[in-house]
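Structures incoming, each one as structure tokens.
Presented sequentially are two complexes of subunit A, the first with subunit B as partner and the second with subunit C.
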Partner chain A sequence: MPVIEVTGLAKDFRSGRAAVHALRDVTFAVDEGRFVTLVGPSGCGKSTLLAIMAGLIAPTRGEARIEGAPITAPMPAKIGMVFQDPTLLPWKSALANVEFPLALRHVDPATRRKRCMELLDLVGLSEFADHYPHELSGGMRQRVAIARGLAQDPRLILMDEPFAALDEQMRTRMGHDLLDIWEKTGKTIFFITHSLTEAIYLSDTVLVMSARPGRIIATLAIDFPRPRELDIIGSENFGRIRNRIWHLISERGE
Partner chain B sequence: MKARHIRIMLIAAALLVLWELIVRSGLVSPIIVAAPSDVLLAAKKDGAVFLRALLITVTEIGVAIVIAWTLGIVFGLIVGSSYLVAAATAPVLSSIFAIPLIILYPLLMAWLGVGPLSKVVFGVLAGFFPIALNTIDGVRAVDRGYVNFARSIGATRLETNALIVFPLALPAIVSGLRVGTGLVVIGVIVTEMLASLGGLGYVISYHRSLFDTGHVYFGMALALLIALGVNIALTRLDRRIGHWRLQQQGES
Partner chain C sequence: MSAALAGHLIFAALLFGGWELAGRLALVDASFLPPLPQVGAILWGFLHHDAFIGDLVLTATEVAVAFLIAAPLAISSGFLLGERLHLAATFNPVVHLVLAVPQSIFLPVFILAFGIGFLEKVLFGITHAYFIILVNSFAAVRSIPPALVAAARVFGATRAQVYTRIYLPAMLPLILTGLRLGMILCIIGVLLAEMYASRRGIGRLIFSWGESYQIPELIAGILLVSILTIAVNEAMRLIELRVGRFYRNAAGN
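Coming up: the complex of A and B.
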């Protein structure tokens, strides 16, 4: 059973008099426990799609459903989000940042503290619980943001280019650790990136989106066995898949 | 350290003596420059009057500060958090801020009388604009990502503003408070000098018309004391917020 279904989704923006077609006829579904990534050129509407799936903006046509229920507003109990910018609150410690969504829901302090310490442990930051965001590296801040996205125990995690601001090495390591977190929690993850390597390495399925208007032009199953090691990135098969996606995107991009 | 303090005090005492001697020697008219002893005499003679006036002025300023801060911040938060309202309002506010507000005082006096009420209202008016404008700027500078994050965790608009946007905008708000509070102090004292029945500005103005220069100086010294107190309080506040500002710089 799919956790999230997107059917016939379209989004037009007004820009002066002209209508900009950001998304057109986007249809796909993500099954429970899967890691699905959407790749596409910059400005193809990836983030718009994610914002609709998060209930932050409304589509022009079509709909997104989570566990059968239409998404018309943010659903914090079912959908967790991680953004490109960690958006941590600078005056709160790492632990308090992770606790923030639960504090907002008036979860009692002892329960939320225990749960959030476990989450910090999961992302490898239990020793940094009392550190403030400015005392953490970029990668560490993004780990805190991931733990925060997990705090309300959502069914689905939406990730909007979460590692784009990190350097190559850190990015690769974060991807590796994210898979570890995903395997331990069994969450369904919908991930957006423009890095083909990142998409293939992480995912069960890669959705390829064309440039504006954004449409899904290919769905590729990635069947490298799990748990995956970073070595697969250098393999011939990996290179073949990457070339194929690259051609798909660049042909349409002309 | 101790030796340095003693040196500063000795220099100050020497300057005071010099000042006293210059005035006594008749080089300058005592109407233009009062000797330190005249100031002390004024304090001794009319200390109670000054104290009552100080109390009135401090109360007016205190009330005006509370209202100006509250109105300015609340208005700024509401306007700043809506893109359209901010785009429509900010230019109007900026141009009002550029008008010398004192030209409105005759109107206020006609409507509200010469008593403390018109002083408080003018003080609020003087302080409101910089506070509101800085709050609007601070709120608009908050990264959209924070608002999306707040919505994604189900925060209401009020929760988003109170728990996320307001604290993030606080450094900008505090610089607005610094400017605005200074203008409240000036506004109250100036309008007291223009027309009133009490307060420090009134006493200064009254004695100026009698050429009691010593009294005028003493009143000025008390007014400076108020400004100094307000400034010290604001610097403390700024320093506490500055602690976050550093952290925010680390964040970006």
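Coming up: the complex of A and C.
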């Protein structure tokens, strides 16, 4: 049974007098425990799709459902999110930032402290619990944001280009560590990126989106065995898949 | 001892040493620059003089009342303009025009409208503080990263929680800056009103000492007001820095 289903989703924006068609007829489903990535050229409506799935904005047509229930507002108990910017609260420590979603629900301090220390440990930052965001590196901040996304033990984690602001090496390492976290927690992850390498390396399934109006133009199963090592990126098969996605995007995008 | 602190001490030593030296070497007429010990003795005398303390307390009360009225009004107006941009489009240019005009030129109008006394001085203090606090409050609202609000909403924050847990702490540093500047302008407004036309208050005293060539008293009064306003400003700046320390590098976050 799919954790999330998106059917016939469309989103139009009004820009002055003209209507901008950001998304058109987007349909897909993500099964439990899968790692699914959506790739597409910049400005293709990826972030709009994610905002709809997070319940932040309403679609013009169609709908998104989580475990059968339509998403019309944020659903913090079921959907966690990691943003492109870490969006940590600068006046709170790393631990307090991870606790933030639980504090909003008035979970008692001892319980949330214990749970969130475990999460910081999972992302490898238990020694930095008392540090403030400005004292952490970009990669560390994004790790805190991942721990925060897991705090409410949601069914689905949405990730909006979470490593885009990091340098190449850090980005690769974060992807590797994310797979480790995913395997330990068994969460369903829906990930957005414009990096083809990142998409193929991480995912069970890659959805390819066209330029605006964004549509799903291909669904590719990626069957490298897991746990994956970084050297698959250099393999012939990996290159073939990357070329195929690149052609799909560039043919439609001109 | 840090280099900065050493620098400050050297500056103070030069200031007061130069003052003393100028008097001893008769570089300046002693009636214009009375020796430091004499000014100090007069200052000490002031603090044991009930009438003087009464004037000081009156001025401080006027400043406090003006500030306590202006601050919440200005913060909420700035907040409203920051949240309702169509209102800001109308009112921001007005605010900036008002800020451009030296408010002292309106004092005669205030006196015509409200007479001289407590009410007029407080109102003049309020108008001095109001606009600068408003501008900072507006900037504080606009400085909140929309992504922080979106994140809070995804994690289940209610509207009230977005205001108390995101808006309030995010706005605090700029609000505090506004309040400190507002306090300085508020003191300027009240002292100006007292010096221009008033029966009581420390501003009135200082002005009358100047008019009657009571130089030692004049300098003692100036020194005392300077010390007090510096103390208020530094206290507020300390709070500002304490709060602001979380925000270093926060822009890249």
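For this structure, a couple of remarks:
As a working rule, the second predicted complex is superposed on the first by the 254 of 254 C-alpha atoms of A that agree within 3 Å, B and C clash if a C-alpha of one lies under 4 Å from a C-alpha of the other, contacts with A are read in each partner's own complex, and residues count from 1 in each chain.
Here is the rule we use: a residue touches a chain if its C-beta (ideal position, glycine included) is under 8 Å from a C-beta of that chain, and two chains touch if they have at least 3 such contacts.
Because the structure is a prediction, the values reported are computed rather than measured.
Overlay on subunit A: subunit B and subunit C clash in the combined arrangement.
Judged by the touch definition given at the top, the superposed model places A:Leu230 against neither subunit B nor subunit C.
In the superposition on chain A, contact is made by A:Gln152 with both subunit B and subunit C. Touch criterion not met for A:Val20: it reaches neither subunit B nor subunit C. When both complexes are overlaid on chain A, the residue A:Ala58 reaches neither subunit B nor subunit C.
Residue contacts after overlaying the shared chain place A:Thr87 against subunit B and subunit C alike.
Put simply, subunit A uses residues 51, 54, 56, 74, 76-77, 79-81, 83, 85, 87-91, 100-101, 104-105, 132-134, 141, 152 to touch subunit B in one complex and subunit C in the other.
Those residues of subunit A whose C-beta lies close enough to touch subunit C in the complex are 51, 54-56, 74, 76-77, 79-81, 83, 85-91, 100-101, 104-105, 132-134, 138, 141, 148, 152. Remark: subunit C residues 145, 147-148, 150-158, 161, 165-166, 169-170, 246-250, 252-253 touch subunit A in the complex.
Subunit A meets subunit B in the complex at residues 51, 54, 56, 74-77, 79-81, 83-85, 87-91, 100-101, 104-105, 132-135, 141, 152. Residues 143, 145-146, 148-149, 151-155, 159, 163-164, 167-168, 244, 246-251 of subunit B are the ones touching subunit A in the complex.
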